[in-house]
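Look at the two complexes coming up: chain A is in both, with chain B in one and chain C in the other.
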Partner chain A sequence: MRKSIMLVAASALLCSSALAQAADTKVGILMDITGPIANFIPPLQNAANLAVKQVNDQGGLLDGNAVAVYGDTTGTSQGAVDAAQKLANVENVPIVMGALMSGTTIAAAEAVFIPTGIVQLSPTATSPAMTDMKDNDLVYRIVPSDNFQGDVLAKMVLDEGINKVAVTYVNNDYGVGIGQTFMDAYRAAGGEVVAEVKHEEKKDSYRSELASLTQGGAEALVVVAYAGDSGGKIVKQAIEGGLFTRFVGTDGLRDDLLIQNVGAEALKTSFFSSPTSPADNPAQTTLHAAFNAEYGEGADKAFVDQTYDATFLTMLAIEKAGSADRAKLAAALREVASAPGEKVGPGEWSKAKQLISEGKDIDYDGAGGTYEFDANGDVRGYVGKFVVDGSSYKQIAVFE
Partner chain B sequence: MIDFINFYLFPGLAIGSVYALGAVGISMIFGILRFAHFAHGDLMTVGTYGVLAAAGIIAINPLLLVPFGMALAIVVALLVDKVFYQPLRTLPTIYTVISSFGVALIFRSLVQMFWGSQNQVFNSGGVRPPLVLFDTFRISVLHVQAVLATACIAVALHFFLSRTRTGRSMRAVSDDPELAEVSGLDTEKVVRWTWIIGAALAAIAGLFVAMDTSAHPNLGWNLLMPMFAAAILGGIGKPMGAMAGGYIIGLAEELSSYHWIGNEALISPSYKTAVAFVVMIALLIVRPQGLFKGRLL
Partner chain C sequence: MELTGLFFYLVSILIAGGIYALLCLALNIQWGMGGLFNAGIAGFFAVGAYTSAILTTEMSAKHLGGFGMPVAVGLIGAGVLAGLMGWAVARICVRLKSDYLAMASIGIAEIMRLVIVNESWATNGSLGLAGIPRPFGDFVSGRWADLVFLAYVWAVVLIVYLVAMRLYDSPWGRSLRAIRDNEVSADAAGKNIEKFRVQTFVIGCAFMGVAGGLSAHYFRFLSPSATDPLLVTFLTWVMLMAGGSGNNRGAIVGGLGIWTLWSVTEIFVNRLPPEWVTRSSYIRMLLVGLLLQFVLQKFRAGIIPEKSPPIRFRE
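What follows is the complex of A and B.
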């Protein structure tokens, strides 16, 4: 008797969860919520939640609502694999937005998402290693590869009249990728790298690295690392030790935390490169207005545009595919992101849903760019030059 | 030579002080309670955030607010001991070790829940101009404070353990718990004092790290491995050994990348973590009981 009650209960439970799944569609969101880029995350979670909320307010996803399922990579490869396993095998998501760091994105893709056939769309992973990854057309990103950011950064540094630099980069996919492309491009354009040190994350003192970097009389220190970990400590300790006064950073260092850490005054001659959005983009204005209306502030924080766009694109792909069937989503993602097709922008979910139901082709042009994927799942993009302005950053030039 | 003192020796001593303060707790808990306390790093984080919370209300030098962090760490440690470790004390120690892993995760998650996962800088943070002596030595004030504080604590701890009744019973329990118990020593009191000292020192160490860099939920966890290395190197159950071990590990890490020969760093700074462990392994091969004749496990 007892057994049969258990059976009934169990089958009821199964039925109810099956029903819930038929109605709602899960979207996996993999973020580096803790770890070295933790400070970037709160506005990015808002960006992803905004995309999901807009979809649910404007007709929902497929026959039900979209449900965001978060995974935290903890900023490490091991943590990324654990979180990805959970999304793929426990939550059974059809598609994943994320991760944000290059290392965690690659680890999650190689260990989990490629073997399970899940499309992964990263808003911010910039490592060149992702371009040639054997990914069965499953791994996409909507920021330009660091081959591009490295080239632009080299140009920026030379344009500033800095001909001798010291370079330090963090020993992970992000740091090595961008560090190497920067140095190659800088040397090719006639600059001189007088000292080069690869460093490990999570140490408390980088003074010995800095002492090596001062050998050779560099005019500026190029730091390719995250402000929440080694990057911020290196800049702070360099200033405290009176070793360098001018810093050149990449997107990982362009974090408000850095300004809190060392003060705007100490960074007034420094500048930073970061993937950015095209200037005067109406789609960006729309998104920022919606974002600030919902959350009050923060629309101009780094990578809000890309995170929103990536989340929106994953849901467009599901809608386009007509089901949460993993196998159909790569083709669907390419179709909704690329021309030709009727233009759809941020927040225009009901319009997109309508067009898809009529069988028309759509082309999402987001706040961060137009996103035309090439054969490797990469996009061309924009890199901006930023300087410190008060407690945040201001863009002073855009390179295409 | 000036570079050596400014950028290698003093940072090495400063990080050594942090390892030393953390390792004392680990070593004493290992010696008296007989288990590797994996939550010690996260206990450090809890203490640090206690100071951070106080610093949000009272705007004075965070170093003066350290009693708040110590109090929080002590309360939390005693509570955790009561709830999670005490019920397991009669079982093989591996249960407690695994349980301490779980406690580490609980601590980290609680810190994330209350204070958020982002990095936080102390209000008085920002760049602190270093102490410049004779126009050549540039030494961070905080590093001097860390080294001096650790030295004072070492002296105080030594007197506590050798002169007071409680301190002597702690050493007795560490040397032979059964004998200590049959001779009528109050083991529960000894356990309590172990936690109080371990947690208080962990909070101080965490504060120094957080002020030198920034506070984040993984602060203590990242320091756990070198602290264990220091405790083992010094000899399990020997607080003074743990102190020495901390300084040896800290100095080995920093000094190994000095350009001893020629102009190149002797060992690339990216390997400095490994250096600490090589030193530990090499010493244990020669002297398995650790520097200060700790207990063999």
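What follows is the complex of A and C.
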């Protein structure tokens, strides 16, 4: 008896279909929710939810509401492919926002989304390998490739008058991608890399890595790693040991957690690079105000802008295509993201819906940039320079 | 939900479940039959995955090879190389008693995995290998390619199952069980214990390598995130324990069953109310843990426990 009640309850839950009505349209959201970048995720889920909520508050998607369906890659290829299969086949989504890590994004695309003809738009995957993928024009991203951030970081460091650095980067696609392009660009522009150490994640002590990094008298330590993992520990242990006083970090390290762990005082000469939007972008101000009004805080967290924009763009593409037909969405995505067209910004769903219904062309310029896709589905971007300000960061310059 | 979608989801579960069934069969040969506690599955899996990927991809400047060979050659290569690595590891530490072997194997296999992941001249390091072909990939594309791959995976599982059943029923397999259950008496009966153990270890590792190769062809893209020990080593152990160690059918049931459990739970947690959305992935992990506890408490010896083959005498 108990068993049959459970069975009925389970099947009722399964059939309830995420409260979706017949006219509702699902939007797939693939994120690395559990796994190595788990501490980045909560504000990003809020950002995606905010986009969906705004759409539903302002007239809805097509003839019904938009419904976000999440998939968790667990940060592994196995999990990414499995979650992607569920989005593509069980939930039957027409378009997917995600994933966040490059490895999971590419595995999901190659094994699932390209064969099933689903457009995938990643807000954060930066691997250079995605540029040349044979993807039938289905895989897009709205952050520039790592090649871009590495180049800009090199320029930033030289502009500060730092000519000798030690470099350490985490051994994954993110760290190696930015680390290698940074060193190439830095050397080419006349800088000297006196020590270079590739390190593994999830260790407790990085003192031996730091010992080799201090050889050679570098003026600053460049850390390409995550604050919640190796990056944070390296900075902390370097400060404790008095080995380095000046750090240069990337978006992975630019996390409030770092300031909580080592204190703002110890980071006052350090600076960080992170993909951002143009210096005074009214779209970003609008988004941040809306985000903080909804969730209280967190609008300035890394990749909130990009995640919101990517989610909003996927829904614009569906509205533009006029139906949830997978085959039409690649062309529709290009049209709504690219100039020419009437400008639409974050939160302006009713305006966009109105323009689309009138048959006018629109161009979404988001909080994180203007997003003009090239032939490979890549964008050029902006990289901001951040310094510590109290318990968070402030942007002091933007590089294009 | 539409029916074709559900059908293809089922196909994807069966593919991934088939690969795990293969890993469980391999582990069952080592642990279930031979009593060898191999905690380094991810290492042999990685060797196989990278071998098969390098052998079958097109020529590339980013990594060793590729050699553009057929998928079957890649998988055989994966088995051979993983078997060779298994032999080398076995030579070093197979004489160790169970828990010490576990420690040694987890260490050596992690070394192997990290060496592979770091030697970027051969494997393109953390940026990964792209463009790995599927078997018969030239003839079918799109969704239907998954069906062909499903047949391919289960053909391999069937072959390995038949081999494992034959081994189990053979004098060799009986000697192994004798060694596993009472090493001293097997030694007294004149069995060369070390030789048997090395053979067992090598055969198991070779099959683990084949499973790795199949994963690479399934994902079409191989990066270090495919060799995570949590999802390869430990999940395989849980599967074998739940399915029934010592029983080849149990190994397949465990691999397929636990993978289904792992995968399907997400569909349920996605149906939770929207305000739970930021927590649902963690609820899923909790749910998987609870269900495993239930299975392990209810079926202590696994869902299909070990049964010794009947003794047959010649007339």
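Quick note on the criterion: the second predicted complex is superposed on the first by the 375 of 400 C-alpha atoms of A that agree within 3 Å, B and C clash if a C-alpha of one lies under 4 Å from a C-alpha of the other, contacts with A are read in each partner's own complex, and residues count from 1 in each chain.
In the analysis below, a contact is a pair of C-beta atoms (placed from the backbone, for glycine too) under 8 Å apart; a residue touches a chain by one contact, two chains touch by 3 or more.
Quantities reported herein were computed from a predicted structural model and do not represent experimental measurements.
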item: Partners on chain A (chain B, chain C) - clash or fit; value: clash
item: Which superposed partner A:Ser205 touches (first chain B, second chain C, both, neither); value: first
item: Partner chain(s) touched by A:Gly71 [first = chain B, second = chain C, both, neither]; value: second
item: Chain C versus chain B, contacts on chain A by residue; value: C
item: Contacts of A:Gly79 with chain B and chain C, given as first, second, both or neither; value: second
item: Which superposed partner A:Thr34 touches (first chain B, second chain C, both, neither); value: both
item: First (chain B), second (chain C), both or neither touched by A:Ile106; value: second
item: Touched partner set for A:Gly242, first chain B, second chain C, both or neither; value: first
item: Contacts of A:Ala397 with chain B and chain C, given as first, second, both or neither; value: neither
item: Touching partner for A:Asn171 - first (chain B), second (chain C), both, neither; value: both
item: First, second, both or neither for A:Asn46, with chain B first and chain C second; value: second
item: Segment of chain C that clashes with chain B, given the candidates 44-52, 98-106, 188-196 or 224-232; value: 98-106
item: Residues of chain A contacting chain B in one complex and chain C in the other; value: 33-34, 41-42, 74, 171, 198, 200
item: Chain C contact footprint on chain A (complex, rising order); value: 10, 13-14, 16-19, 33-34, 41-42, 45-46, 49, 68-72, 74-83, 85-86, 88-92, 101, 103-104, 106-107, 110-112, 115-117, 127-129, 133-134, 171-173, 175-177, 198, 200
item: Chain C - residues contacting chain A, complex; value: 1-2, 5-9, 12-13, 16, 114, 117-118, 120, 125-128, 130-131, 141-143, 145-146, 215, 218-226, 228, 230-231, 262-263, 266-268, 270-271, 273-274, 277-278, 280-282, 284-285
item: Contact set on chain B toward chain A in their complex; value: 3, 6-8, 11-12, 14-15, 18, 112, 116-119, 121, 125-130, 138, 140, 209, 212-214, 216-218, 222-223, 254, 257-259, 263, 265, 268-270, 272-273
item: For the chain A and chain B complex, residues of the former touching the latter; value: 33-35, 38-39, 41-42, 74, 171, 197-200, 202-212, 215, 228, 232-233, 236, 239-242, 257, 260-263, 266
